[in-house]
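Take a look at these structures.
Shared between the two complexes below is chain A, which pairs with chain B and chain C, respectively.
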Partner chain A sequence: MNGLNYILKRILQIIPVVFIISILIFLMLRAIPGDPARLVLGEKATIESIDAMREKLGLNESYIVQYGKFVKGIVSLDLGTSLTYQRPVIELLRSRVKITLMLTLISTFFSLLISFPLGYYAGKYKDSMFDQIVKSGALAAVSMPSFWIGLLLMILFGVKLRWLPVGGWGNTFIEQIRSLILPGLTMSLLTSALLIRNIRNSVVDISNMDYVDFARSKGISERAVKNRHILRNALISTVTLLLMRMAYMLGGSVIIETVFSLPGIGKLMVDSIFGRDYAVVQALVMLFAMIILMINLLTDIIYSFLDPRVKF
Partner chain B sequence: MMRHAKKREIPIWATKPAFIVGIIIVVTAILISFFPQFIAPYDPIEVNSKAILVAPSAEHFFGTDNFGRDVFSRVIWAARIDLQIGVFATIVPLIFGSLMGLIAGYYGGVVDNILMRIIDILMTFPFTILVIVIMTILGQGMRNIYIAIWLVGWMAYAKLVRGEVLVLKNAEFIEAARVTGFSDKRILLRHMLPNVVSSAVVFAASDVVLCMLTGASMSFLGLGVQPPTPEWGAILNEGRAYIMNAWWITFFPGLFMAITGIGFSLLGDGLTDFLRTKGK
Partner chain C sequence: MNKLLEVKDLQTHFIMKNEVVKAVDGVSFTIYEKETFGLVGESGSGKSQTCRSILGLVKKPGKVVGGEILYKKQDVVKMSKDQLRKIRGHEISIIFQEPMTSLNPVLKIRKQIFEAFDRTDMTKEEKRKKSIELLKLVGIPSPETRMEEYTHQFSGGMRQRAMIAIALASEPSLLIADEPTTALDVTIQDQIMQLLNQLKEELGMSILLITHDLAVVAQMCDRVAVMYAGMIVEMTDTFTLFSTPRHPYTNALIRSLPNQKGANERLEPIHGAPPNLADLPMGCPFHPRCKFAEEICRTSRPELTDLTNTHQVRCHFLNKTVGFQGTFTPDKKQGGCDGENS
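Then we have the complex of A and B:
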């Protein structure tokens, strides 16, 4: 089948990309001024332990051999040991990545909930008062610092009203969901704004198309026109945009998780940078890269199925 | 059409109120950043042990922080640094990226191919992540914020300008210039550049917001501007510890940042509209 071929082709295309990214990340630790062994072990390390680490990291060998070992480490999920936590990096990631993924999912959910009704009605009643307000709101949302919005929500719902926790992470599932609401909402604002613009504009464009007029003149009910023709077509570009945004939300997690003290991989990244825990930083950059590549792959595949105009 | 002809007679400020609001905000912000000493009543880094965490009042419009520093004065002085980051972090990528796009698009070939491939790969990564990774390598500080944003920012301009150059390359007047025997340099700078630069400049107006917010985010995380230098993100970061009883330290710098950001966005949107109508 052609579709299968396309997917296969796209997966094969990723291989050189992964190769380039792995080289960049490999060079990253070596680009930081100073001895990588010292960077990994920290400032207080003794000369003996640094020598041992140099041996372990293979720093005395050629770059090509070093790179080979680096790749082998990734493939066998041996990502080194965290300096701060004194635990294997992979264990650290395993317990943290769940929180960031949950945060991303919740904010995706909020984004859909906010953007579809607002975007649809803004487009349907183009240039109305409602449309103007929604458009201004979207513009404001893309121009404001997310950490400020997060802190304001925290002051309002956490400090003043005491409806939701100010920050941190819960033990039970309900507690965890509760502590994800404010950060999820904060994270969803920018995405919602972009989705609203997209949905609004596609509703405006599609409503002016001949085939929508034709559908109406055939006597199809307004509801059917909305569902079958307008929303369905607006959905294609919106899903694509949303998936792309999910990659950016991962990037935003670095800031949002810091604001709300959520122990996900975003906060781990900031903590590790400050703790000079470079083994963790390196692993996180690789993890972010892999997740983003997967999302991009998924976006292309879903897009090719949703839009029949894409040729395989 | 009649309606169109009529529209022309209405002055610009009446048809584009949002654009005018944008200009007013941006001009005000620039004035503040040039003359903070005339607006700020106190020294932004002067510690006052007698006025710690004072709520907003006639004496301290935005209250004071944990060192008794006047938040209003700090927010006003911070405008200088934040606008500087927004503007200079944008200008360098605008110039360098546009030139790269111009050259890559005009000459094409293997170099263009490789360059665009690398840009495509890197641009799938979130801006924040790329900047943070570079900050990790370079270390903290304001100078490194610039370098990190410069290293990441030029790619968008290169892609944008290259796309325009590809369209323009086959235009008749470029053909004519080539046939006339003008040098590549002359064609690029005198014929191509004026026609492709406007979309890059329009993009830059909204890019200022992104750069300003990124710079502030880095300072908020503690990676950028170091205390006691007044910078909006850094003030917010310091105020975070006192959010329970002193909301004003976090509220006002963010408000100024939001208004400035909205101003630049409105300006960018307005410019985009002009460009679109000009194109038609």
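Then we have the complex of A and C:
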């Protein structure tokens, strides 16, 4: 089987999974004890308004019909209206998702920028002073709470040096990028720390392989040895880790978004849960599930390209 | 005969926290142009580390700590990285012992062959043509398609052939073959040896052949050195080694061979275990296993001594094995041997 068929097969495999997830989400709201209409409207609602809400939410119809409508809604991207914001959910998501997506991309960019050189040289000069420092640094980054790192960065670059905004969201693209640098950096520290360890250990293992020496014995440049043989192979085990971290970041980090007052989806999720904004919660859960599925798919596809030993 | 490679008193040690493993401990030998020089010895006697030292490929914490390796009169040990790169693959190529781990699993064979042409100004098409030629030469069927495959699609023998093809790509003057057939079954072993022999003739290169297998030595080598515990204990031409081995260790090795032409048996291990290289016994390293050992063997290390100017032995009692006549007849006759005086 070739690569394209493989991708197609993997996409087809996702369909039943999506189906099951949609049922679970559909049932989730209905499984909460009590009348959803009452939950939505609150304790003091009148009988009439509850009836009207039941009608509006379609709760008087059979589950099958309800589910059909639910699916139709998702497919047509009509996800209902947010109670808190009184706006269509899809509209709400659009701006939020954009922020979180940009944050994830910037943070991934920083992570790669930080972790590849540090991880590579730490592994290459294993047990050297440099390696020791990088290892302790990575350990520190893993153990420090991110809100604290965020605050430190904010104080240094935002308050003391005034290079970057301390928080909030800009209007122009440049402004937006500028306001994502500090949160992106904060978020990337943990990812980098995890990646560095992984890359370092892979580089140590791979450098010890005979095929690296055999490559060297051909008289190729050290750069070719590094890029073609060591880094490329180290990338294989690193890519899974990186994509997992990306999935996590795409879910939105409540802490980072709160510290830097960014209106991303992490904050939206928390707000909607507390505000009993079920339409939004439902849409977000669906979105998270999709993100995880997509990242998984992407991981498998990238993996199959990077590592020919993977059987299609 | 011109000297191609001269190894002088090579010392390659693994320096670890609380011990030093002297993997190669004062090895000297010379390889002449167009000859096949054999290096035999038990597992762990330092054969592979000797080879790796020649190309500056000793793994950490190993290091060449002494001696010279003169390739065409230039000392490889003292070379800069750039100078060394010019030697690697271009003048000297190596085939590693383990075909299973010596090729990159995630690069196509084609790319791994092309690498050998990295510093030439050949076009892609020329590289392709040459690669196909090489793969054909080493007996890989339908090279055009095989070349687009990855190593996991290759059997052990095919990988070994691919490695040989890569090693030959730049037409080296010296090919180091570190047990090129240990990992393979007997028929393929034979094919690969014949292949090496044939290529040597065609390309006019020299081969440093490392092996456990005396039958292979008999079939392939002009001259041989026997290694024990990081040292050469006996060195001479193949015929002399088989007919009049003078070191008790070599003697025992050859005695243990079945008495027939072209026998394919492995070395029968001699009783006792090889010594710990981090803690060699005083005196002759072979004395705990030597049936001729006397007091002096336990206290003083023998030097490699000229028996004739083409036969060196490292033993205090050169006469003890004199009566022994080898019964094993090597395939190669005396005429093929290139001694120092020829």
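In the analysis below, the second predicted complex is superposed on the first by the 296 of 312 C-alpha atoms of A that agree within 3 Å, B and C clash if a C-alpha of one lies under 4 Å from a C-alpha of the other, contacts with A are read in each partner's own complex, and residues count from 1 in each chain.
Keep this in mind: contacts are C-beta pairs under 8 Å (C-beta built on N, C-alpha and C of every residue); 3 or more make two chains touch, one makes a residue touch a chain.
Just so it is clear, the structure is predicted and the values come from calculations on it, not from any experiment.
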{"item": "Partners on chain A (chain B, chain C) - clash or fit", "value": "fit"}
{"item": "Touched partner set for A:Val142, first chain B, second chain C, both or neither", "value": "first"}
{"item": "Touched partner set for A:Ala31, first chain B, second chain C, both or neither", "value": "first"}
{"item": "Which superposed partner A:Ile236 touches (first chain B, second chain C, both, neither)", "value": "second"}
{"item": "Per-residue touch tally on chain A - higher for chain B or for chain C", "value": "B"}
{"item": "Chain B versus chain C as contact partner of A:Phe305, first or second or both or neither", "value": "neither"}
{"item": "Which of chain B and chain C A:Ile255 touches, first, second, both or neither", "value": "first"}
{"item": "Chain B versus chain C as contact partner of A:Gly219, first or second or both or neither", "value": "second"}
{"item": "Three-chain overlay, vertex chain A: chain B-chain C angle, C-alpha, nearest 10 degrees", "value": "80"}
{"item": "Which superposed partner A:Asn208 touches (first chain B, second chain C, both, neither)", "value": "second"}
{"item": "Superposed arrangement (fit on chain A Cα atoms) - minimum chain B/chain C Cα distance in Å", "value": "5"}
{"item": "Chain C-contacting residues of chain A that also contact chain B", "value": "none"}
{"item": "List of chain B residues in touch with chain A within their complex", "value": "118, 121, 124-129, 132-133, 135-137, 209, 213, 216-217, 220-223, 232-233, 236, 240, 243-244, 247, 250-251, 253-255, 257-258, 261-262, 264-266, 269"}
{"item": "Of chain A, residues touching chain B in the complex", "value": "17, 20-21, 28, 31-32, 139-140, 142-145, 147-148, 151-152, 154-155, 159, 166, 247-248, 250-252, 254-255, 258-259, 269-270, 273-274, 281, 285, 288-289, 292-293, 296"}
{"item": "Chain C residues within the chain A interface of the complex", "value": "52, 55, 57, 59, 81, 85-90, 93-94, 96, 98, 101-108, 111-112, 115-116, 118-119, 150, 152, 163, 166-167, 169-170"}
{"item": "Complex contacts: residues of chain A adjacent to chain C", "value": "208-211, 213-222, 224, 228-229, 232-233, 236, 306-309"}
